[in-house]
Amino acid sequence: MSMIELRGISKAWGDAVALHAIDLRIAPASFCVLLGPSGCGKSTTLRIIAGLETATAGQVLIGGADVTHRPPSQRGIAMVFQNYALFPHLSVAENIGFGLAVRKTPKAEARQRVEEAAALLGLSQLLQRKPGQLSGGQQQRVALGRALVARASVCLMDEPLSNLDAQLRQEMRHELRELQQRLGLTVVYVTHDQTEAMSMADQVVLLSQGRIEQNDAPRRAYARPASLFAARFIGTPPMNLLRLDAQGHILGSAVATGAPAGAAHLGVRPECVRLAPADQTAALRARVLSFEYLGADLVLRCEVGSEALTLRVDGQQNLQVGDELALQCAAGDLHFFDATGRRMDTGATAVPATDTGDARLPANAALAQRAAA
Amino acid sequence: MSSPTPSSPQRTLTAVYAWLLLLPAMLILLAFTHLPTITTLIDSFYSTPKGRRAASWVGLENYAVMAADPIFWKALFNNLWYALASIPLSIGLALLMALWVNEKLIGRGFLRLAFFTPTVLPMIAVANIWLFFFTPQYGLLERLMLALGFGSHNWLGDPSTALACVILVAVWKEAGLFMIFYLAALQSFNPSLREAAAIEGTPRWTFFWRVQWPLLMPTTLFVLVNSVINAFRTVDHLFVLTRGGPDNASTLLLYRLYEVGFKYWDTAGAAALTMVLVVLLVGVTLLQFFTVDKKVHYQ
Amino acid sequence: MNAPASRAAPAATRPSRGLYAPGRLDTTAAWLLALLWILPLLFAVWTAFHPPEYAARFDWRAPLTLQNFRDAWQAAPFARYFLNTTLLVIMVLAVQLVLSTLAAYAFARFAFPGRDLAFALVLVQLTVMPDLLLVENYQTITRLGLVDSIFAIGLPYFASALAIFLLRQTFMGVPKELVDAARVEGASALQILLRIYVPLARPIYVAFGLVSVSYHWNNFLWPLIVTNSVQSRTLTVGLQVFSSVEQGVDWAIISAATLMTSAPLLLGFLLFQRQFVQSFMRAGIK
Amino acid sequence: QTAVDVPFFYPVNVGGPINKLIDAYAEDFGRAHAGTQIKPIYSGNYQETLVKALTGFKSGTPPVTAVLLSTDMFTLIDEEAIVPFDEFIKTDEDRAWLRSFYPAFLKNSQTDGKTWGIPFQRSTVVIYWNKELFKEAGLDPERGPANWQELREYAQKLTKKDANGNVTTWGVQIPSSGFPYWLFQTLTTPNDVILANDKGTAVNLDDPKAIEALEYWVGLAKDGLHPAGVVEWGTTPKDFFEKKAAIVVTTTGNLTNIRNNAGFEFGVGPIPGHRLKGGSPTGGGNFYIFKKTSPEQQQAAFEFIRWITTPERAAQWSIDTGYAATSQAAYDTPALKKYGEEFPPALVARDQLPISVAEFSTFDNQRVTKVLDDALQAALTGKKTPAQALQDAQQEATRLLRPYQ
Amino acid sequence: MSMIELRGISKAWGDAVALHAIDLRIAPASFCVLLGPSGCGKSTTLRIIAGLETATAGQVLIGGADVTHRPPSQRGIAMVFQNYALFPHLSVAENIGFGLAVRKTPKAEARQRVEEAAALLGLSQLLQRKPGQLSGGQQQRVALGRALVARASVCLMDEPLSNLDAQLRQEMRHELRELQQRLGLTVVYVTHDQTEAMSMADQVVLLSQGRIEQNDAPRRAYARPASLFAARFIGTPPMNLLRLDAQGHILGSAVATGAPAGAAHLGVRPECVRLAPADQTAALRARVLSFEYLGADLVLRCEVGSEALTLRVDGQQNLQVGDELALQCAAGDLHFFDATGRRMDTGATAVPATDTGDARLPANAALAQRAAA
């Protein structure tokens, strides 16, 4: 049974259609991330699940019950908002206990539940502070506390980390995920940051313009992007998408790619392009256009034909703009897309549908081998 | 606002709920603002009932009488002068005060208190103190003038200065309140704006004129509406200072209204005057909202 | 206004000194103006504490006296007037806040037929103030049989367009998420009002309170007309005792009475000056 | 017998102690007349009391009785707000009581053969002079100016200037703010001109004698003997105390104030004469009884008014407040006689009363009065010549009074 | 000659000392990043350079001239504020041209310069908009435009990107750096985000509690952290810092590290720890505690003795919590710190002081080799 189910949910404001008949099932105790660019309908979906918006059509089921017409407070959900929506005039304890107070939970019990939640989140020392006196991460935890104390088994989160700085964001990702697993929560999590999606999700739902573009486990979404859109959206630096000419060569070059007929784009992830050993003759040659040093990594932008190719190498590499590099790439790391942007599956690039396979080491330098100098 | 688009029965329920919330305030407003205004409007077309003579329909006669009354015109023009002088003066001073006490001046707390004090003093009593200021010969103003070598002057007793004195008292009374509004706005500004301007080498005056002043526009509009209303409403001090004299040199519309209504017991004439005031005030306010408001909202 | 969203830059707390620092000229001018501004108050203090013959003579050796205060105090039952005025001011403010809050909430949060018309009707009171409609209002009060009660003094002012207007603006500025969060937590519309909107609008309440209290503390004509007895008279009406037509102005006693009656407000402002300014500040009436 | 409540509007006008006196009277009366309760309501100055009373009347809740300006009589008649006293005056005793008031005071209380008001807190205008300044100027400190000629001469001697030519002491000061028409009557009365008829339906403002009177007043200011422009009524006593004015013209109601606060010896005298020997307008308040009240209440009010105006009480009232007593009988009481011997200035009012006249009053009183006031101020501030001002005023007042003729 | 020089700059507010005698030289046309945790004095330093604060002691030189006592407007600098400090009532064009208008630059010239700057920043289409109508990134560029149009050769920036979302931040990093190089600006840039520092800087000045902790080129700062603080602060995930016992073994284990005498901590970066080939017997053994999937990478947290060790491996690896791993590490990648937290230099770990060396490939598995099972 799925914990949350959307059946043909549509949403329109006048003429503006935000969601087109979305169908979605989310398993109990799983972490589902709604991912997509700004304006694609993530928040709308979440708010429809919460009952904060009414769908134009379709049904919402939570825990098997049709809740389409129930107000938010009767759906057994908790919610964490993008900027936390902490009540600035209430202390941490009061913020966490807000729902309990509103629902007239006995004082003693409410106090106990607030203290438990605070202890769980490491907020015990801060109970008397006002949100304004807390750091971003602490605020985030208070917002979480408010959601937890309701003991709802479904927790909805709308970009809860987007206001934090990089370092804190990383820490909070861990904490959130760990908490979700510990408490067995069903989380629906909205973000437009694919790193967050990758690192936390059991299920990634990629939305684009009110439609589900891909709905998969993160690894599968990463390994087998269903469309150009998905390929572009998931991964940093994003997947290289090289246009192919009619012959399957990289545009403006004579590099053959082994593309199936009708392929319009070749996709390859930056981390899958490697520097070939200097002696390898069959390597793909590319010229460095620019690079960015990131400590552990160096991100290079090179030129192949008329297309740009980004690759990620060890940060301690010393390279200059204009250097000629020899590159190679495994055949399994190549993705092909047709003119409509749909993925084309070739036998060679099929990867296991489940993620239980063994550690896979790049075996052959597919691209380089096929490269015709 | 954020409520979900409700279905029809829900919408009715919302409307009922909203109107229930509004009801108490609306009832009071209706009973003490709207109905009296309408009654006044109707009264202005009838003659003043006196004893056995019941009110009779006279059409626009009350307005005609009013228009023929030179004191009405005097009061109207006085009031326009009063507004024209007191509004920019009190707003200007309020702004200046706010700019000062927004900075770290020595004794800022005292300055704030000093500027604000007049707002809380009861006009009815304080007007008597002002009377002393303007008293010829030994009044404070006089002493100052004499000390500076000027001759004595009968400030309130001279038609050419009486109105100015009344204006001065009004400005003194309301500048402090407006200062608080300006101060609040100034303090909410992002301090980086000032730094950004400083790095460009903006002279202080330019900074005020190009940055602070435009950003204060919404406050200015608010204050402006208030001061226009006050210009037609504050007459307490007239009762003590000049009673509209000498020879109506300082009479104002509301004071004239009081005279017509409560001294002459000419309720019809008073009703006509009230309608003039209402139309004037509503007109001015609307005009402000439509002309200034456009320039005010920069977001 | 929207305190929660204000992730104020750290620089916001930092006074940028040295930039446009007020010069000596500013300081002098500001002090001059301030002195000019409290001159009436200084004069009142001087005359109130000296015998009447020194009202117009400034002599350092003038003897100090409290007689003027004694006389003023005895001239009218001021204790009772203080009580009445305090009751009036508290009552008016309390009712204004309650009614305006409810109305502002309706305007800010609900879409209902007739809303814009109703709001326009409210705004009318901004300009057509009860002062203009004295006679009509007196008749209404008489019809209600309320003449000569503190309640009657307050009644016409119970709904304040200014308060409704300001609160509506503030309420509309409350971040939507806070309301959503409260809804998810199961708060009812009334709970949302009481627990979210009202506390967040506190600065506006304080700011409006200041305006309202000083207005009603000093209002004169209307209280005079609707009250008959000591039991309902307010301070300003009591003060009127001193502006005698028959005799000349006795500044000593008037000053004493003025100080006496405005002392609570002045003291209040002195004590809560910072809070007031900050409230207005956060109220951001703009 | 059910208790009768008599709400009584009273203008508190001379400060605190007076309402204690009134309360005491009300209580005493209540003790003597079981079942009647007089309820004094202090309601601001005269103008405010009138506003309250008439607003109340129009809304159906008038006071039963009120002390209001004698000049408001026509207004109150016009509004049909008051009942004449004639209904209550039934016995000879009552008639004798009514006759006992000074005729000067009754002039403002009767019209068309009916009595509408009973004089109560009445005053007249007198002159006060500073004896010290008189001595300095070489004048007899015990004798005030007797006529216009003397007033002008005295004023010339009394006016002092400093080195820069600024006047430091004015010879004479006649206030002209608020109700200048009343003080103007201190000039017209000795000049033998009455400004309004008894019926209150016609005025006589452009009479040459009235113009002459105004010219005299304006002339004093022009010649630098009197402050220029409009002189504030409220500060006039202070001007006197501060020796900024050597002679001031003001009400007898100021006697107590001046006695308490003048730091020097002062004299009080009647208004200087010109064509006549002198003469002043009366002023102050009368009792009225309002319509829209029950006959029992009106009767009770009448009894209270009779009771409070008996000679003994009137005498004590005069001693306590400084107002003129309203009847010869009151001045003949031992108490007031003794007081007069101790403090002779208190008797100036009495001596002047036989030649005093009614305060200027007409129908549409306030509006007509304002026309005259504006004219006077216009002349005093130099905007119009006295003749022009008064002629204009005459025209306007006549127009206003036309409906009543 | 250095463009900006601070000589013994101190700053105290009452008793609170924000800066302790800072000495700093910044080369012309270089990009200097002031990096450090919140409250360390970055903004204070920047504001002293700008003249917005007065130093308690010391001198500020710009372009060789002592400007310590000059007002901000006479220092020839431009500044970009954290929240941009755009004038909300002025259009983009007016904002950019504000300084020109103030300085009474002729209208025609001012217009031209504004348009140039706008073109440079891709703002030409937006000149008539108000700041409220712009996205965060666009606002950022307007702020930049205002700084550029002044043609000051020194540009100071206080966390200019901190209000942007991750994606935009990355784009803006590129743009900023490129612009700085194109125009030859001397930029002093404040941030607490080390990724920004690494990717943009010519010179990273790491501050801690009002003192300069390290002042180096980014690669050097990365490769040779001067202290425990620097080691912890630079790099994501941060450098592993393992406590050593008196014998130089990793605490709670028998793993020898070849530490010099007196070393208290061993540092090794996550990306320098590699999975050893399965057959390598000398490998360091560690147990997986948890992992985070990031698409391209997988970050593992393992246990060695009583210390935790984080390492980064290929994202397509399939690992379970509890797996035993064999790890290895190059000797050159080991850093040692003494008890006071200072770096200890051993001959073996010395790296070239300049960054002109060739691409360096890990040659030997230092740690693993020394590990005593």
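A, B, C, D and E label the chains in the order they appear, each numbered from 1.
Definition applied: a residue touches a chain if its C-beta (ideal position, glycine included) is under 8 Å from a C-beta of that chain, and two chains touch if they have at least 3 such contacts.
A quick note: this is a predicted structure, and the numbers were derived from the prediction, not measured.
Engineer: With a step meaning a move to a chain it touches, how many steps does the shortest path from subunit D to subunit E take?
Structural biologist: Tracing touching chains, the least step count from subunit D to subunit E comes to 2.
Engineer: In terms of touching chains, how many steps apart are subunit A and subunit E, taking the shortest path?
Structural biologist: Contact-graph shortest path, subunit A to subunit E, evaluates to 1.
Engineer: Find the most central chain, measuring centrality by the gap between its CA centroid and the centroid of all protein CA atoms shown.
Structural biologist: Central chain: C.
Engineer: Any idea whether B-D or B-C has more C-beta pairs in contact?
Structural biologist: It is B-C, judged by the count of C-beta pairs in contact.
Engineer: Could you work out how far the Cα centre of subunit B sits from that of subunit E, in whole Å?
Structural biologist: 58
Engineer: Quick check: how many Å separate the C-alpha centres of subunit C and subunit D?
Structural biologist: 40
Engineer: How far is the middle of subunit A from the middle of subunit D, if each middle is the mean of its Cα atoms, in Å?
Structural biologist: 94
Engineer: On subunit C, where are the residues touching two or more other chains?
Structural biologist: Expected reply: 9, 11, 16, 19, 55-56, 134-135, 180, 240, 242-243, 249, 251.
Engineer: Where in subunit E do residues touch at least two different other chains?
Structural biologist: 52, 71-72, 81-83
Engineer: When you check subunit B against every other chain, which residues touch at least two of them?
Structural biologist: Residue numbers touching two or more other chains: 2, 128, 131-132, 135, 138, 190, 192, 195, 198, 240, 262.
Engineer: In their complex, what parts of subunit B are in touch with subunit C?
Structural biologist: Touching subunit C from subunit B are residues 1-3, 11, 14-15, 17-19, 21-22, 24-37, 39-40, 93, 96-97, 100-101, 103-107, 109-126, 128-133, 135, 138-140, 172, 176-177, 180-181, 183-185, 187-188, 190-192, 194-195, 198, 204, 207, 216, 218-219, 222, 225, 229, 233, 236, 240, 254, 257, 261-262, 267, 270, 274, 277-278, 281-282, 285.
Engineer: Which bits of subunit D are touching subunit C when the two form their complex?
Structural biologist: 7, 12-16, 19, 41-46, 48, 51-52, 55-56, 58-61, 123, 178, 233-238, 241-242, 251, 253-254, 256-257, 261, 263
Engineer: Which positions of subunit E touch subunit B when the two form their complex?
Structural biologist: Per the touch definition, subunit E meets subunit B at residues 50, 52, 71-74, 77-79, 81-85, 87-90, 98-99, 101-103, 130, 132, 146, 150.
Engineer: Quick one: in the complex, what on subunit E touches subunit A?
Structural biologist: Subunit E reaches subunit A through residues 162, 165-167, 170, 173-174, 192-195, 198-199, 218-219, 222-223, 234-237, 269-271, 292-297, 312, 314-319, 355-360.
Engineer: Where on subunit C does subunit A make contact in their complex?
Structural biologist: Those residues of subunit C that touch subunit A are 3-5, 7, 175, 177-178, 180-188, 191, 195-196, 199-200, 202.
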